[in-house]
Amino acid sequence: MSGAKLVQGNEACVRGALAAGCNFYAGYPITPSSEIAELMVRFLPDAGGVFVQMEDEIASLATVIGASLAGSRAMTATSGPGFSLMQEHIGFATMAEVPCVVVNVMRGGPSTGLPTSPSQGDVMQARWGTHGDHPSIVLAPSSVGEVFNLTVKAFNLAERFRTPVTLIYDEIIGHTRESVVFPDSVDVISRPRPNGDPSTFLPKAAPPDGVPPMPAFGDGYRFHVTGLTHDERGFPTTDPGQAGALITRIHDKVTNHQEEITEIETLMLDDAEIAIFAYGIVGRSAHEAVLRAREAGIRVGMIRPLTLWPFPYHQVGEVAAQVDTLLVAEMNLGQLIGEVERAAAGRSEIVGHLRADGEPITPTDLVAAISGAGAVRT
Amino acid sequence: MTDVRDHLREWAMPHVLCPGCAHGIVLRSFLEAVDEQEIDRNRLAMVAGIGCSSRLVGYVDFCTLHGTHGRAPAFATGLKMARPELHVVVVTGDGDGLAIGANHLIHAARRNIDITVLLLNNSIYGMTGGQAAPTTPTGAVASTTPGGNTEPNFDACKLLIGAGASFVARVLAANPIEMTRVMVEGMTHSGFSFIEVVSDCPEYYGRYNGMGGGADMLTWMAGREVGVTGPLSSKRFVNHVPSSTAPPGMATGIIQREERPVFTGVHGEGSHGP
Amino acid sequence: MTVDTIADSEVEGDADTGIGSRVLLSGNEAVARGAVEAGVLVATGYPGTPSTEILESIADRDDIDVRWATNEKVALDVALGASLGGVRALATMKHVGLNVASDTFMTTAYTGVGAGLVIVTADDPGMHSSQNEQDNRGFARMAGVPLLEPADSSEAREYTTIAFAISEEFDTPVLVRTTTRVSHNRGLVRLGPRIEHPTTGFTRDPRKYVMIPSHARLRRPEMLKRLERLTGYVEASPLTVESGRSSDIGVVTSGIAHNYVREALPDAKILKLGMSYPVPIKAIRAFAESVDRLLVVEELDPYLENDILAAGIAVEGKAFFSQAGELGPDAVRRGFATALALPDGPTIEPAPPTVARPPLMCPGCPHTPPFLALRRLGAVVTGDIGCYTLAALAPLSAMDTCVAMGSSIGMAAGMAASGGAQGPVVATIGDSTFLHGGIPGLVDAVYNQADITVLILDNGTVAMTGGQEHPGTGITLQESETTPVDLLALCRALGVDDVRVVDPYDLGATYGALEAAIASPGPSVVITNRPCVEAPTKVRDRPYEVIADACTACQACMTAGCPSIVWSDETFEGRRKVSIDPITCTGCTLCAQLCPPLAILPTPSSEIEVRTGV
Amino acid sequence: MSDDSSGLLLAGVGGQGVILAGMIVADALVRAGHDVKQSEVHGMAQRGGSVFSHIRWGSSVDSPLVPLGSAEVLAAFEWAEALRWVEYVREGGAVVADLRTIVPPGSCTDRRSWSIRYPDIDPDLLGRRTLKTRIVDASSTAAELGNIRAANSVILGSVAAFLDIEHVHWEAAIERLVPAGTEAVNLTSFRAGCEVVEASIPPRPADPDGFPGPHEIDIRHEWCKGCDICSRVCPEYCLEVGIDGELALVDAEACTGCRLCELLCPDFAIAVSPPTENVSRGELVASAGDPP
Amino acid sequence: MDRSEYRIAGAGGQGVVTAGRILAEAAILSGAEAIHNQVYGPQSRGGASRSDVVIATERIGYPLAEEIDLLVALSGEACSRYHPELADRSRLVVDSRCVPTDLRTSDRPYPIVDTARSVSGGQLVSGVVALGVLQALTGVVEAATLCRAVADRVPTRHCEMNLEALEAGMRLVAGDER
């Protein structure tokens, strides 16, 4: 394979970020994400960017937001405990509509939990971790190569929609070295910029797509940024009409563009009676399991969302309508399975294969589960 | 003579602060300092956290960031590193900066990033209704210390000196001219500058502790600065003075100033962000 | 000043005692000396310019009980009691003090005395330090008490000794009247020996000493009979002195006026009345007959003139000599010139214009800050007698009334009752004045629940008169320790619930205390507690200075009217900066508290200490 | 008036030690064998006011007060006091005046002209009569000798030059009456005063020439919260907050443009700006009128 | 799909992680797909350390080792920990110093650590010696490719020593077979 390199997942994240034009990184060390910071400080300066190690994860994301307001494409990376601390500013970035990328390399939890063991326990936190009503864009790669691609995508979505985007993958993907071929270049999308008269600029007046143009501090547009509910001028308001309009717009700008955001992978669903729903590292096991089960003659397929949030209800629903059983495999005690149930809306049986002990779900486990599910069917 | 009100977002005025709250005086002095340095408004970013003091940034026609509780120094760090040509000024309060945000404050000081922090110390949490802050003096009454505060309080300037701040000053809201002067010194200082502004909270601290309104508290402040009981204290009668009205003298002016390497983040050679 | 300390200036006389020597004494010292020589054993009074030094000059004598009384009435009561107890007694006061003492005074004329009782009233023509210039000779007439008027220090000593003798001879109190020019004039006095008058003891005599109406009705005729005898005495008294040869003009005069007349008309015939009540009409009539034209020269009221006119004797007086203000050599000369008794004098080139120099609160005066606060509070301020009365002047302009000792509180109560005050009503009164005459007013305010605030400016002394002790200081005039009156406890005991003590040098606290006291309903009291910076000890700390670079010429400090602060020649935005005179600055910090740019700091040696709060 | 009575006047400001100096002169005269009367003023007048001491001496003195135009010597401890009392000096008499100027606060109140109402130090102001004048810088002389408070003795030394009293009497009087411990420095100062040379008169600095005039005070009532700070800080009492909480400009004329109200207004409700037209300084000085 | 799994396990400081990376990179150099996985955290600091390498001809689905083809155990702890996980068909190479009592006949002890010591004076190149053994036993990658991978991975100044260690490892197997 030409140009293939043995690259660690965390390194692929860094390379993806740099390819996507990331020029600012702030973070705080935590296993299993630390390599991202260590590599950022090596590569970012040469790419014309700035690196800072902050005093904690709260500060890290605040600093990222500050840099983004100054026009940077900025990111941070962490793991579960740090992700908890970042919720405050994920909310702020959502409300203030500041593009930024947060990488959460998941480990076992809650609390400090299992520092160097994989987990998928943060997927609901990635959706609802910060308080209040808000949209979330969360991407979940399952291979080192996908880490690269989705990191690029995370930046592009963040800029496109002026919102924080979370890239979430587990310890195994973060630490695994895999042969990857990086593309020579990637498409880079930048945040919309205003071009009108600065004196009449309304920082939160949105065009029909719901994403207001965004100048940087220092560009000649003077505006106010706040986490308080605000009006089109960006100034705090408690008016229910204005508050409702803001929250709705921030929500809609994501959900109305779901087709632009959502990405799923399917495998052998055409004649499947059983479909495995898996994501991240479990998607790799599911893939393997499908191949093995097919060898055993079982009609099984797979649906793997690369975009966890907004959740691909429609696509999952279609699969549910088609198969008898949806086997939901995730390394937690049942998080996205609830969403799958909502999507399926009773059209198929939902079976969970759940695990939260720090050990991965293996293809062998899933083959057994498929067999079991099939046995139920027959 | 320019009118500092030109810097205001007039449509947002009057501001939300209570009558007699000296935070507005501080803002005014700051605007004087901006004018004195002839800073381009487009190049001035003010960053604030949460609290009464932090509300100030909403009223000035600069690039303003009203962030989260205590985190202003971190937001400011990002802004400054990403865009070093910006003047970045943090406005924080004593609770915001010294309790929930103390970590960020001391680390910004340690790094010596070239921002200016104005900490408006009114000895209490004003926005939330008068709870005790890390600066509430021992014995003082707050809504969470109805019998008088039993904890010792921070000396913000000493804390920041300990954290390595290369410029530390304390000024009084009662003294706008000195405030402006020190703010200019602090903003032109190369590196992290910290200015504690002794402000007032007539609505809570003043009311709970029987200190009168804003004007009384400004008067009290000036008296505290010169240390009324310092001179003449050995004279007859002074023993009759209740201790609450005989506050200790308090360091004001520029307390610390040193040149240290300025933190700019880890940059590529010849590169300054976007 | 005592005889002992001036002994080495003797010109002649006994080297040890000074007896027989001529020494420079002020009129007040001479009165005291006269009392000493007369064997006085109890001397009391209340400080008041120009009488104060009388008692002070003999306070160090351990053979005399010298004491400050709470007020003049108490002083006279004490002296009367001592007199009835059989010792010679002296009571001293300024002219308005006799108003306070007049209740007792009027009746002493009925009771008479035991041993000799002399009352000194020091009048203040020209009002150098007084709120009126009443002529206390009228009191003698109203009470029926003999009146002596010395003209200089020498006579002051002599007349005082004579007064004691008259008192005992006629069983009457004697009023000795000085004026400022006599009290505060120094002249040579030949000292005499002290003649001891051991106590004669108290003799019970209710009909004489218990003035129930039935007894008093008996004493009134006694008093009138005594006056007749005194009239006989004065007609032939050596105190009535005729001098001069030229009979073109004859002048009847008394007291210091005599000296001016003598100087203006060295040769004229002059009848000097050393004892001016009862008026020796017969002697005057005889004198009038011996001259071509009779003039009377007297300060203030036409007291002698009216009596002489009433006796049908042609006399001129107030037509030429003003009834207002003090006489002096120039005024007397001008009067005689107007009366054509003298040619016009040479024209004196008038003094060039110069600055007005009204009296001021001293640098560092602890009374200043409360008045700054009162002005800011918009209070209507009823003032009282003391240094703080100067707060009525610009720039403090913070006092609206000042009438008499202790009047402030009652007036405040009345003002509050009127509903006519435009602001809160505050009475300001000094510690000594409060004890002197303020307590009944406060009792009244409590009794009638007056909605007023009483500001007691406690500076621990009677400052106006030069720093005397009083019942609140814990020290007597003769420097022994005593029980001080606790003003705080006193006010509470009187029924004032809201009493607070504040450090007046802490302007903010002072303002706050006054504001709070004003806000509380009913009577409230605020007591300030810094000592007078001039007396009894000079309170001085490091002077403050103006950091010229920081001064923005706002003039905030100038609102205190501190004499140590003046304009400098430097300017800021066209306004003058200020500077502080380091010699007179006491370091009280008030101006520094007032200074918005905090440009006023202690002088450098203390700068670091205070600036860093170490 | 008695032909043989001479007069001397000491004048100064409360706190300068005029009374003590008068006692020293009187004491010296007594020692020289004269009848002496000395008169002074106590009480309120001493509180920073003008203080004087009349001294008369001769074989027999009647009036303790010196008549106008009859004093041998006027010793003024302060320049403005020299002018105040100079009419008491006789033709051919002497004036000893200290250079010291004590400007009363009342002379610094005309904040429209910023002119200090205080006379120039100019011997010509003493009048047209024949006078022997001696301007001394007693404070500096005394300070050089070790105690600025001995300035009075320097002045007495200058006075002694015009009086026929033996120095032994002066020195005895000084030794007896000055505070214990200061005898030596006072004697030295006295002797220095006897020989003191005429002090050079410093030029008077000009009044500020630029007058900003009454300023315009713009109150934005819709921003004002009635906190009362401005009215509390205004040195000229220009502003008042009424019972209704409304801020009012009650004395616009008194404004000197110090801007304290503006600088200390937390609500940006006040702006003070210089007037568009300046009033000429000459007019102001004229309108300020005579000192009260 | 041809898929093989290798685990090199030992104590911290024996270079097992580097060895795993070199193996994976060598596989990529030979045109295969490879995945390398290691143990992180406290275990890697002086305790048991481990490199897993999955090599396949096509895209690798499941990235973790499920059934180890060859385990190289360089310490007693590593051996006792991972030995029980081995499948029947799995082969074990164990350092001569820590041969377990239940050694199967198919399992081979080699003095890997001693060899490393003799080459470098320390344990650090043990992993590379182990790589030599692994290559010689499995031939999963060409010896020359492995040499190139070693040269690419290790610091230049230590290159020669590592190549020597690699060769020494290969020689251990050759000697054994002789």
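Just so it is clear, A, B, C, D and E label the chains in written order, and each chain counts residues from 1 on its own.
Just so it is clear, a residue touches a chain if its C-beta (ideal position, glycine included) is under 8 Å from a C-beta of that chain, and two chains touch if they have at least 3 such contacts.
What you see is a predicted model, and the numbers here were worked out from it, not measured in a lab.
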Exercise. If you check the contacts of subunit A and subunit D, which chains show up for both?
Worked result: B
Seminar exercise, completed: Shared touch partners for subunit A + subunit C come out as B
Problem set entry | Maximum centroid distance from subunit C, chain identifier (CA atoms) | E
For this session: Could you see whether B-C or A-B has the larger number of C-beta contact pairs?
Result: A-B
Exercise. Of the chains shown, whose Cα mean is nearest the mean of all protein Cα atoms?
Worked result: B
Seminar exercise, completed: In whole angstrom, the CA-centroid distance of subunit B from subunit D equals 46
Exercise. In whole angstrom, how far does the Cα centroid of subunit D sit from the Cα centroid of subunit E?
Worked result: 103
Exercise. Approximately how many whole Å separate the CA-defined centres of subunit A and subunit E?
Worked result: 36
Problem set entry | Whole-Å gap separating subunit C and subunit D, where each centre is the average of the chain's CA atoms | 25
For this session: For subunit D, jot down the residues that touch at least 2 other chains.
Result: 232-233, 263-264
For this session: Two or more other chains in contact with one residue: find those residues in subunit B.
Result: 174, 176-177, 218-219
Seminar exercise, completed: Shared-interface residues of subunit C (touching two or more other chains) are 552, 596
Problem set entry | Chain-to-chain touches, reported pairwise for every pair that qualifies | A-B, A-E, B-C, B-D, C-D
Exercise. Which residues, counting only subunit B, touch subunit C once they are in their complex?
Worked result: 172, 174-178, 210-212, 216-223, 225-232, 235-238, 240-242, 245-246, 248-253, 255
Seminar exercise, completed: Counting only contacts in the complex, subunit A reaches subunit E at residues 1, 4-6, 31-32, 115-116, 143, 171-173, 175-179, 281, 284-285, 287-288, 291, 360, 362-364
Exercise. In their shared complex, at which residues does subunit B touch subunit D?
Worked result: 1, 3-5, 8, 13-15, 17-25, 28-29, 174, 176-177, 202, 213-215, 218-219
Exercise. Can you list the subunit D residues touching subunit C in their complex?
Worked result: 1-2, 5, 13-15, 22-23, 26-27, 30-31, 33, 35-50, 61-69, 80-81, 83-87, 102-109, 111, 114, 116-119, 125-129, 148, 173, 176, 205, 208, 210-212, 231-233, 235-237, 240, 256-260, 263-264, 290-292
Exercise. Which residues of subunit B touch subunit A in the complex?
Worked result: 9, 11-12, 41-43, 45, 47, 57-58, 61-68, 71, 73-83, 85-86, 103-104, 107, 264-269, 271, 273-274
